[in-house]
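Structures given as structure tokens follow.
The two complexes that follow have chain A in common; it is paired with chain B in the first and with chain C in the second.
And now, the complex of A and B:
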């Protein structure tokens, strides 16, 4: 009898936890043509089509948007990364630190910073920067770059990114998707979304 | 009835298997048993394991992480054959994976995976052979099957114990169940550690019996200890304990391995060749790429240790360049000064090394030496006009002109 009562309490607690976590982890709908603020920064985006924003943020200054789901087509916005901080949340600040964006980081080094972050975060050895060009982002002179990598899941992925340094802060948007099917299918959606990103003057 | 069940659980606790751990020996590892020829899986468990493993191998053959350089593959296979003997090694399928971690494994159906991080850390054929022989020992003694069976027995026992404890429903029976659970989990981890010791024993047996210097096995672990110490020191962490065994550890502590591997090496093998020159020559086309993978992991202490250890046989332009990259990535002002110095040394040794000019130029610009920095970047563009970041570097040169 005691066991039954205890199990009921456990069940109730579990139900409450599930409901609560559902509310906490619900992903947000980003409706077409409605302005969205990015990661509490002065960067905003007015999406030209509907997107989903994942509630779990990969870093203090980052948030992920997707069309089909996480890992399938991830657009990650980095809104005003402060000097001395990493792009993504570190698993362990002391034992597993990530490369930091610094006051001396040059625009041409931003692709290397993303490469180092991915390599250290994913513990991978296959990441290649395929092209780095000057380009506009948030209406300023920045950098556009593309890259390939293979994650621990053996799935080759491609990426494209745009970045700019404004007031010693890093603003960036990256698009990561499996090379097979998803990258090419979503690339134009990413580009129009990145074009729609703005920063308050 | 409850008393009976409680007593039963107590009996079960007492009967939890205590694995018969072979203690480390102080005599040389014995010659391995004669090769029994091609082995086929026996019984439903093993046949199932092999089928699953065949499926994994099919996926592995298509993995983009596999390094398909024939020369490198042939070399690593030749080291395995030297270690375990050509009769044993012939059926092994060896896959070198571009993963910058210290690891290798061998699965039940004879698939050997070697990580590029292992190749970066071994300095001789004998050191590489020591790790490959150890992995082959797991395969020859069919450790995965034993592990699967022991995990199944342990979890079966836990299921029955949970059932009996819930039937009894007393506080004592739940406490007993918790004790059983700890015993079983601890026993499984200890079983794995003993398998590692057994594979070490067999691996040293192969080395003692082969042409390579068996004492190199101990050196692999000694170097790993030094690397971990360097990594911890750079991160401001407490010096790790290399002799303590944690409850869930799957491997014996590194300190213990260093000692018993040295003791297991045949004394008459001390004067044998360890193939350092051949190893260095075979890895030469790849070592810079593997080192760059390591440098990008943001483990400053470990990377610095590995660069210095590779430089024991002489500094090269690539090693100075990698050290420059390591310091530039950390990016403190003092690091940038050092990085510029290292890149300059690299350029002095090989003025055609484009990446060193790039690193030098960026480090100089970041430390306020714009004119010299621009010159270095211009040289980079001369050497690599079609580099993937050429236009961005050109923009950096232009934007630094106004400063």
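And now, the complex of A and C:
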């Protein structure tokens, strides 16, 4: 059997296997009171209620949790973003570069890093930081901030986030939801989830 | 020999991918216990449809086209006007609203689009369901909401239900079509050219609950043409609760 035939059949078998198993689309269960590691980092969370973790990862250090779908409630954890890297995966490094987290990024600059990332990644013009204040995350002194923006689907959304810098890495959790109905409905679930996040010492 | 084998394998892949993509296509769902008979005396508020038409660039991005959108909007409005009489109950067209009032209606239409998209991705598409909703799905529960704030939509006070319609058409550009052909002939990849999304949903104006949804990720009918828009509206409102079509279908053995 030539290499071409062998490779082609391997491709076909993989294609059939992945579709048949549904593994490509299977989202993960994050069960109440069971500890879960975030994006292969030292951050963990023990959720106070059941959540879903989407299979699709928006970035190397990020993972998305949701109750009804990311369109309606999106909790994104960023587990130890290394200096020199963006928060989310760049679609095209040359044409659509994203701002990078660097060794010189200050905690107070993290909200602007998220703003720049959203503007470039979502290709949106409207984003407003509504509040920034000191606050705890992962048991350390960090920053809490809130924001508003209108996404590509023309739906105004509200967001709330917590971030902290530990050992020159960025740890953050964001919550985004439509300002109509869904933001207020899920906000307390997000806060208790963010409170439950920890980092290994 | 190796060429033939390669082609067979690639076609198998293409067939599987096309078949699999069909899972996420047209589906209708009704909230448990909801029924709407013809001539029930209930009033349905028809919210101004969301219409966006444009081109899908070679890279797959949506590029809006104002002229196409304008044509499609006029065609769809006319087709909906023609269809109203066949819906089985009184249809009220949402009143002309200005300023903040107009924005409320528009924002709820966009929220409806987001909810419908979540239903399609995470309930209709069986392989992609959310684990926390598995029990609901097994029991056939359809539980989605826009929230009680729907009462603030202009015209909601005089109606029982709101009918939302969300349409997005992205016609494949020449570059996209060429990419589709090249990808199929070269590495054998299935590249989608064009996207034709359509959602129609009935919402309870007291609770905000989604009572009926018809969603299709591959709608037919070119909305830029009068005939195409009529075909589209026919598809969107297929089996609408209490409609002439739904009543006739229910009578069939």
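One rule holds in what follows: the second predicted complex is superposed on the first by the 182 of 201 C-alpha atoms of A that agree within 3 Å, B and C clash if a C-alpha of one lies under 4 Å from a C-alpha of the other, contacts with A are read in each partner's own complex, and residues count from 1 in each chain.
In this text, contacts are C-beta pairs under 8 Å (C-beta built on N, C-alpha and C of every residue); 3 or more make two chains touch, one makes a residue touch a chain.
Here the structure is a predicted model, which means the values were calculated and not measured.
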Exercise for the section: Figure out whether A:105 sits in contact with chain B (first) or chain C (second), or with both, or with neither. Expected result: first
Exercise for the section: Scan A:132 for contacts with chain B and chain C and give back first, second, both or neither. Expected result: first
Exercise for the section: Would you check which partner chain A:52 touches, where first means chain B only, second means chain C only, and both and neither mean what they say? Expected result: second
Practice task
Applying the touch criterion given at the start, work out whether A:35 contacts chain B, chain C, both or neither, answering first, second, both or neither.
Solution key: neither
Exercise for the section: For A:120, select first, second, both or neither according to whether it touches chain B, chain C, the two together, or no partner. Expected result: first
Exercise for the section: Considering only touches as defined above, state whether A:27 meets chain B (first), chain C (second), both or neither. Expected result: second
Exercise for the section: Please work out whether A:66 is in contact with chain B alone, chain C alone, both, or neither, and reply first, second, both or neither. Expected result: second
Exercise for the section: Look at A:185 in the shared chain and tell me whether it touches chain B only, chain C only, both, or neither; answer first, second, both or neither. Expected result: second
Fill in the blank from the handout: Check: chain A residues flagged as touching chain B and also chain C 2, 154, 156
Completion exercise
Residue set of chain A touching chain C in the complex reads 2, 4-5, 8-9, 11-12, 15-16, 19, 22, 24-29, 50-52, 66-69, 71-72, 153-156, 178, 180-182, 185
Completion exercise
Within their complex, chain C touches chain A through residues 2, 5-6, 9-10, 12-13, 16-17, 20, 106-108, 110-111, 113-115, 117-118, 121-122, 125-132, 144-147, 149, 188, 208
Problem - Contact footprint of chain A on chain B as seen in their complex - result: 59, 63-65, 98-101, 116-117, 166, 169, 235-237, 290, 293, 296-299, 329, 331, 333, 336, 362, 365-366, 388-389, 391-393, 395-396
Handout entry: In the complex with chain B, residue positions of chain A that touch it
Key = 2-3, 94-95, 97-100, 102, 104-109, 111-112, 115-116, 119-120, 123-127, 129-134, 143, 145, 150, 152, 154, 156
